[in-house]
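One structure is given below, represented as structure tokens, and several questions about it will come after.
Per-chain residue numbering starts at 1, and chain names A, B, C and D are given in the order in which the chains are listed.
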Amino acid sequence: MGRLTGKRVLVTQSTDYMGPAITALFKEEGADVTDVPGIVPFGSEFENYVTNLTDFDVIIANLAHDPCNASVAKIQNEDWHNLFDTMVHPLMALVRHFAPKMAAQGHGKIIAVTSAAPLKGLPGSTAYCAARGAQNAFIKAAGLEFAPQNLQINAIAQNYVSNPVYYPDALVETERFQKHLSRNVPIGRVARAEEQAEFALFLASDHSDFFVGQIFPFSGGWAVNA
Amino acid sequence: MGRLTGKRVLVTQSTDYMGPAITALFKEEGADVTDVPGIVPFGSEFENYVTNLTDFDVIIANLAHDPCNASVAKIQNEDWHNLFDTMVHPLMALVRHFAPKMAAQGHGKIIAVTSAAPLKGLPGSTAYCAARGAQNAFIKAAGLEFAPQNLQINAIAQNYVSNPVYYPDALVETERFQKHLSRNVPIGRVARAEEQAEFALFLASDHSDFFVGQIFPFSGGWAVNA
Amino acid sequence: MGRLTGKRVLVTQSTDYMGPAITALFKEEGADVTDVPGIVPFGSEFENYVTNLTDFDVIIANLAHDPCNASVAKIQNEDWHNLFDTMVHPLMALVRHFAPKMAAQGHGKIIAVTSAAPLKGLPGSTAYCAARGAQNAFIKAAGLEFAPQNLQINAIAQNYVSNPVYYPDALVETERFQKHLSRNVPIGRVARAEEQAEFALFLASDHSDFFVGQIFPFSGGWAVNA
Amino acid sequence: MGRLTGKRVLVTQSTDYMGPAITALFKEEGADVTDVPGIVPFGSEFENYVTNLTDFDVIIANLAHDPCNASVAKIQNEDWHNLFDTMVHPLMALVRHFAPKMAAQGHGKIIAVTSAAPLKGLPGSTAYCAARGAQNAFIKAAGLEFAPQNLQINAIAQNYVSNPVYYPDALVETERFQKHLSRNVPIGRVARAEEQAEFALFLASDHSDFFVGQIFPFSGGWAVNA
């Protein structure tokens, strides 16, 4: 018996960010995972996207984009909009589409994989902070809105979790990055993606029913407020 | 001698939200106020907007829109985008345009008038929370980015401040709203817009130089965290 | 194989607050639980208290006292000191005693069961807020201090969890309390102590290694910031 | 006409911490300042302390003690208790004594000068964080309790403000400390005590009436959450 046996789970952007680790762990633990690779579209295309996606117990709203790091003076409009178009607007569309259905079925979990960056404020990543901040704020409010209907919506606001785009091994192993870690991340290391997936599993399980609208920092002590 | 004598101040959307109260107080206190009514445009029109707007000591980034209150299930795409188009994207454009100029001149203040809603999470106002949350996150990160250049960027995250759109007198005076106030707002009343303008004045003055990247709740105790 | 097989766990004040639920679940899941009833003493008596308490993987610093609710004007010195003497000073003594030993053994977890009250600020419970606030602040700082030594110290800042002192069934079942819940607690119910124990179990397990110095609100959406 | 003309102000521990700067500025601005040097006692001596202290509009609860920095393993019981005895218990006694009198007179302000340390969590200063955290939590809750009675209680949670005990000039001027500042404090400098006094003046003035129960970080961007 796996820890998620019988759970029907949707993982979006399944080959990016935390998608692979969550998909792998959840399958291993008996979940019936529908893993959909690629950007979640917004607007008219969204209806096609969800056409055959029905009957889930858990949605992993895993939405990611290159952080487009740049000083404020050099933010490109295109980068700015790409961040909102891929991470913010589709998150609303996903919650708007699935949350009422889950409420109607009497239970459900939505777990957004977001970022701890807006909790601290990250110079040089202000566009990313804005978009991830919009996600966190939306999840907090939506989590409180659906709380009375036995639907739990929360976010994992992570940083310093291994993944090929933000923290590839080749970067993490450099002396410079190790020094950065020891100065900035109390725990002094980058998390394995599997560790993040284990927390996602806790939130996806029936054991997390009392958490709603929470933005959980997951960053080795880098950000401890939310 | 007024408290802002000699300060050149830009107030955006000057006839909306906190625009009238801030403009009035700042003028009374000797500031040289350029008050520009109307939505701040984004994209190619932004360049026209700022063509003749130069040499400011203080920017009041006062950006507001009807909150488009609706349950998550009923969020309209058009409303969602209007909130981001009028409040979020122009805020970035304003900071991207003016902050480097202020840094070059060796000093400056940018004060964004935002909302406390995303600090609490407000069911029924999730779209508004998302947009205001993006603003707050952007200001926090941008404030930290420009901190070393003697430029102070902060936000007033308000709620329960009198204004004709959100809290018109006719609404505030009802028995139902008074009961709501006594239950939800520790101070038990709505602030006059002039009180908010006084805090904006403090932030616009040289006395606030040690505050950067802060999101100040201004809500009579409704939200006390940021 | 239980989920905590092989873990040596100390539960303080084991017959109070979350002690019974955590002890029961942890034993059921294979932990070797040393459950010590009664107040944890401070000062010279502390040494006796810990004499035979050695070799733990997990410490559940479960410290509780009647909240001594009273308006500020009516706080009794004796109540004030009792709160600090039973909840704050012993927490420091426990961490000061056990954390260095755990660091020396190369791993360990300390989980403080505290309160969400100081996160919100609770009129009429200001003494309790002060004492629980001291606990949360100590855990945050101590968690960051021990983070580099593979020791994870965190707190569960709870409210609205069933227990015979704060939320006895007879109180919870009243119409008045149910109305209070529907107005103040988004999730609209009180948690079973077992739900809290499940989160404590997650924090006690190896799956939580990336969390340090965190104050987790556990309150059904009542407090979502920390 | 000074900015505080007619205000009767009590400043505790007036020759320590922010006492001198606040006393000087407030007198300069026309306040009638009663500045009382020395530790505020707790318990039976407190009654003597306040015997002749009556009729204030503003209380500056300026309570300070050497931070007793030490790793958790080396916290001395005496240091721990000194921190609580000088900063935490007297703060409660001051608020318990003066707040009801101010409420009875129909208005008042209490401004606690605390610390931003507990907002971040400071390894090596865990005892100080615990005591300052108790202060912040008490002020938040007491501020909300007295909010409906036109009494505003708030805290300035500061760090990196010049003062002879924590940040003497001789320390601040060292190359090592300057490097520390540039790495850890976004604004890159230590505040003059006068800047802090200006914010205290704002909070002491009638312009701050809508702020209650707030913990204002004042730390040059070091801590931006509360």
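To be clear about the criterion, contacts are C-beta pairs under 8 Å (C-beta built on N, C-alpha and C of every residue); 3 or more make two chains touch, one makes a residue touch a chain.
Nothing here was measured: the structure is a model prediction, and the numbers come from that model.
Among the remaining chains, the Cα-based centre furthest from that of subunit D is the centre of A.
The chain pair with the larger count of C-beta pairs in contact, out of A-C and A-D, is A-C.
Summary of the copy comparison: rotating subunit B onto subunit C for the best CA superposition needs 180 degrees, to the nearest 5. Remark: subunit A and subunit D have CA centroids separated by 39 Å (rounded to whole angstrom). The distance from the centre of subunit A to the centre of subunit C, with each centre set as the mean of the Cα atoms, comes to 28 Å. Shared interface positions of subunit B, i.e. residues touching 2 or more other chains, are given as 121, 123, 140, 143-144, 186, 213, 224-225.
Per the touch definition, subunit C reaches subunit D in the complex via residues 43, 71-73, 75, 77, 80, 84, 88-89, 92, 95-96, 99-100, 117-118, 121-127, 129-138, 140-146, 213.
Residues 140, 143-144, 147-148, 161, 182, 186-188, 191, 195-196, 198-199, 202, 207-221, 224-226 of subunit C touch subunit A in their complex. Against subunit B, in their complex, subunit C makes its touches with residues 119-121, 123, 183, 186, 224-225.
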